[in-house]
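Below are two complexes that have chain A in common, paired first with chain B and then with chain C.
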Partner chain A sequence: MEGLKITGLVVDYGTFKLDSIDLNLKKGCITGLVGRNGCGKSTLIKTIMRQQDAVAGQILYNGKKFAENEVEVLNSIACVFDAPHFNIMAKPKRIYSLYKSIYKKFDSELYEKLMKKFKLPDNLRIGKYSFGMQKKYCLILALCQRPEILILDEPTSGIDPFDRNEVVGLIQEYMLDENNTVLFSTHITEDLDKIADYIVIMENGKITLDEEKNALTGNYRIVQCADINDEMRSNAIGIKKGMFGYTFLTKNKNVTGSGMQVKIPTIEEIFVHMLGENGTYSGGNQNLSYKELQNRGGL
Partner chain B sequence: MHIVISYESGIPIYEQIKSQIRGEILSGKLAEGAMLPSIRMLAKELRIGIITAKRAYDDLCAEGFLYSVQGKGLFVSKINKQKADSFAVNEIRAKIKEVAAFAELNSVDVKIIKEIINEILGE
Partner chain C sequence: MKSVLHKFIHNDFFNYLRMSAIYSKTSTAVKGKEFAEIIIIIINAIMTAVFVSMLSSGPGGKSGVVETSFEAFIFAIVFGVSLSMGINRRKKPSIMYVAPISFIKRALFAHLSCIIFATFFIVFLFAFSALFNFLFCLIILAATGKWEFFHNFIFSTAGADGSGIMFCIFLFFIIFGSGVSISYIKKFSLRCVFMFAVNIALFALSLILVNVAAEGHGFVANWNVVAVFNELPKSWLWLAGVGAVALGICAVSVIFSIKSEKPKEF
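After this line comes the complex of A and B, so read on.
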């Protein structure tokens, strides 16, 4: 089963490059996208949504070329961007009628239901909504398009734990339909520990890891120990030395020793140790000027 | 059906689900022929991944505790007493092996394990 297939995608800003991205979003599954600020997650999402031109590569949706079937494809994909991309001075009613006129499948009933569920006032300008309310409103608009692919850029950051739980619930409710697919970019890896099926890690415009979550957590162990020997060192990923001992990630599942704590890693631990490895990560946003950041839509 | 998931136990989530559903079947709480929630419903209700839910169900089907009917869903298989007993014995054996490994790691004598077992079971 094929959802969205990206091959050899290159986006070049001059100072920053998405470097031949190959990514396959499996239909019926949730893929979690993790990476540091400035690693290219949002650029990738913007390119998928055709808000950013690619230099090379192609995106296939159900085997069809994205670029040649733009209207059809964009009717099947909905995205929640990192910030609202409509006039926030408007009231929900206006945004609603705008969306209803654009998207053929827009579900008014679901819209009413979700607006009530999240207690979003209809008579307030979106700009007057709190940050969390704006996020939820954007998610509601995306879900009401009844998309087959839902792309989420940080849908749970900046909202309170109660609402976050509800947002995750909404995403899972959406996944009850096995034809639906989700790409979920987030820094809150705890959400991915729970509901993701596949994990993709990006570093400096490249995908450095793409694995099924259970395989990932099943194949790695996080080890805490007082002392480390050469044999352990040769299998260790991202060794961190602290006042009370060492912590590292390893693919050696049978690692044992006295006084050693071995446990299944969380996505956060995998992420932190993998990126800490030999300093493969170099910079991100820190090396870019204000102007370059603006060009990339990072500001 | 009652299922509890712990992220701190160190046991993979699908294993936790498997053993709990198996427990309900072996204890008779889930009767033969009872229908289970769909993979996606299980995932949603337990806040877990779809593949994780599928893995748990697939394994239970492979072990013969569940069977699937195309287009209808998953159901509890007929479990005979012999199978249930042999399963429990195997589980206990695995657990005692774990204890033995733990004892070896901490250089505890095998005799002590036997003593503890006798003490608990009131030999």
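After this line comes the complex of A and C, so read on.
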């Protein structure tokens, strides 16, 4: 069952448009959302969180409409936005008491535990926290709400590698409950390699790829070679020429050749090769160049 | 005792109020036509200051001489802030919008928090003004040994009776309620028309009150709105009228807010 179901969502800023977004976030799964800066990831998240009005479309939260179940939906969803959504001049103690009174399921024990774990000082105003500390604090607040749907807008950006690992671990821990759903938007695709179940790629306000991570990485190979012939070129996606030869993505899992290195790609490699300047989008049965798809209005 | 106080402070009502206060503080940015709107808001705030200060200009308008007062600028700021709340509302996310409360509570508490905090602000303003006058008089007395300023202080303080202060608070409600109501008008041009309409109404009110008020002006500038009001014949009747208008405008603002906050499917 879908934790979050988005159908035909259209958001129009005038200068930017989210166009016909269809997205199903399954319960018990982590969906990674990747895309270039300004592709509409944060707009999509704000629209899901009802911080942005849409022109058309529908969003169902655990199968429920927002208008008819406003309080229930808001109780079941938590979000880490790209910036804190509360007064950063307040001290954590004040925000904690506010959250505790607003969210009936707020887990005080977990709050204390995580504050200690991330060594966040209780006597410092949140505005005085570093960017990474603010992110961690927002994540703590979101997790302590015990939501069924957790939306994360770059939760690991600005966090040091050690704490990033801890954050990823926390999200995994949160997913032990199979009723929970996570949408994880990030530029640090390494995190998605570790925990994501599904990968969604956005470009220019549209979803260009929505696939299971294992199927996605399993279906492609990243190839490094000194030279490239016409046959290889015809199957290659996003050919990049470097100092030591060529790198490209291919759907041909049996690709072999002398001096050729073939490996399973990471999400980052898939992302870079698919959306690079000469990248090729290979969704479904199509195998069109990225630019070709754009010209045809497919992207 | 502590737990009773703790319970009182941490009940839902106060929590929502605190959340609303946080919400007001968090919002800052704007989207679309923001520059033009900010300029128009500043023009309107200055106009509000002028018209409120006309209330301070003494009976008969004193040949149109406008006396700018601290109080007038406070009202100008209130109008400017309440108008810009409309711009602020467009800046999300905010804790107010993700907290699990109904849209009616959200609209009501956003208003209540502003009104309660602003009322405290006005009371503080009067208390601060009185204290400032008192200290000023003390310094003059110490420096010159003259008692005339103290006489002036007592006179001005006596001018600010309950009805005068209530008038100021109602005037604040009118300006605040109008500002917030206007901020909910979606069409930019219509929003601008209403901003200026409030000032025309304020101008008319200033003319009426200043002309109806009796002779005998001469208080410290900060108290002038109150002083002019206190000199009105049957000032309590006036107060009731102004109060009714103020509450009506605030009610309109709340209704607009509830309408705007009502969740819609896209």
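We adopt the following convention: the second predicted complex is superposed on the first by the 275 of 299 C-alpha atoms of A that agree within 3 Å, B and C clash if a C-alpha of one lies under 4 Å from a C-alpha of the other, contacts with A are read in each partner's own complex, and residues count from 1 in each chain.
What we mean here is this: a contact is a pair of C-beta atoms (placed from the backbone, for glycine too) under 8 Å apart; a residue touches a chain by one contact, two chains touch by 3 or more.
Being a predicted model, the structure only gives us computed values, none of them experimental.
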When chain B and chain C are modelled together on chain A, clash or fit: fit
Touched chain A residues, chain B compared with chain C: C
Partner chain in contact with A:245 - chain B first, chain C second, else both or neither: neither
Partner chain in contact with A:102 - chain B first, chain C second, else both or neither: second
Chain B versus chain C as contact partner of A:86, first or second or both or neither: second
Touched partner set for A:194, first chain B, second chain C, both or neither: first
Which of chain B and chain C A:168 touches, first, second, both or neither: first
Touching partner for A:158 - first (chain B), second (chain C), both, neither: neither
Three-chain overlay, closest Cα atoms of chain B and chain C, distance in Å: 29
Residues of chain A that lie at the interface with chain B and also at the interface with chain C: none
Residues on chain A engaged by chain C in the complex (per definition of touch): 9-10, 13-14, 46, 49-59, 65-67, 70-72, 74-75, 77-79, 81, 85-87, 89-90, 97-98, 101-103
Chain A partner contacts - residues on chain B that touch it in the complex: 7, 10, 12-14, 40-41, 43-44, 47-52, 55, 105-106
Chain A-touching residues of chain C, taken from the complex the two chains share: 10, 12, 15, 18-19, 22, 25-26, 31-32, 92-95, 97-103, 263-266
Chain B partner contacts - residues on chain A that touch it in the complex: 28-30, 168-169, 172-173, 175-176, 178, 193-197, 212-214, 217-218, 256, 258, 263-264
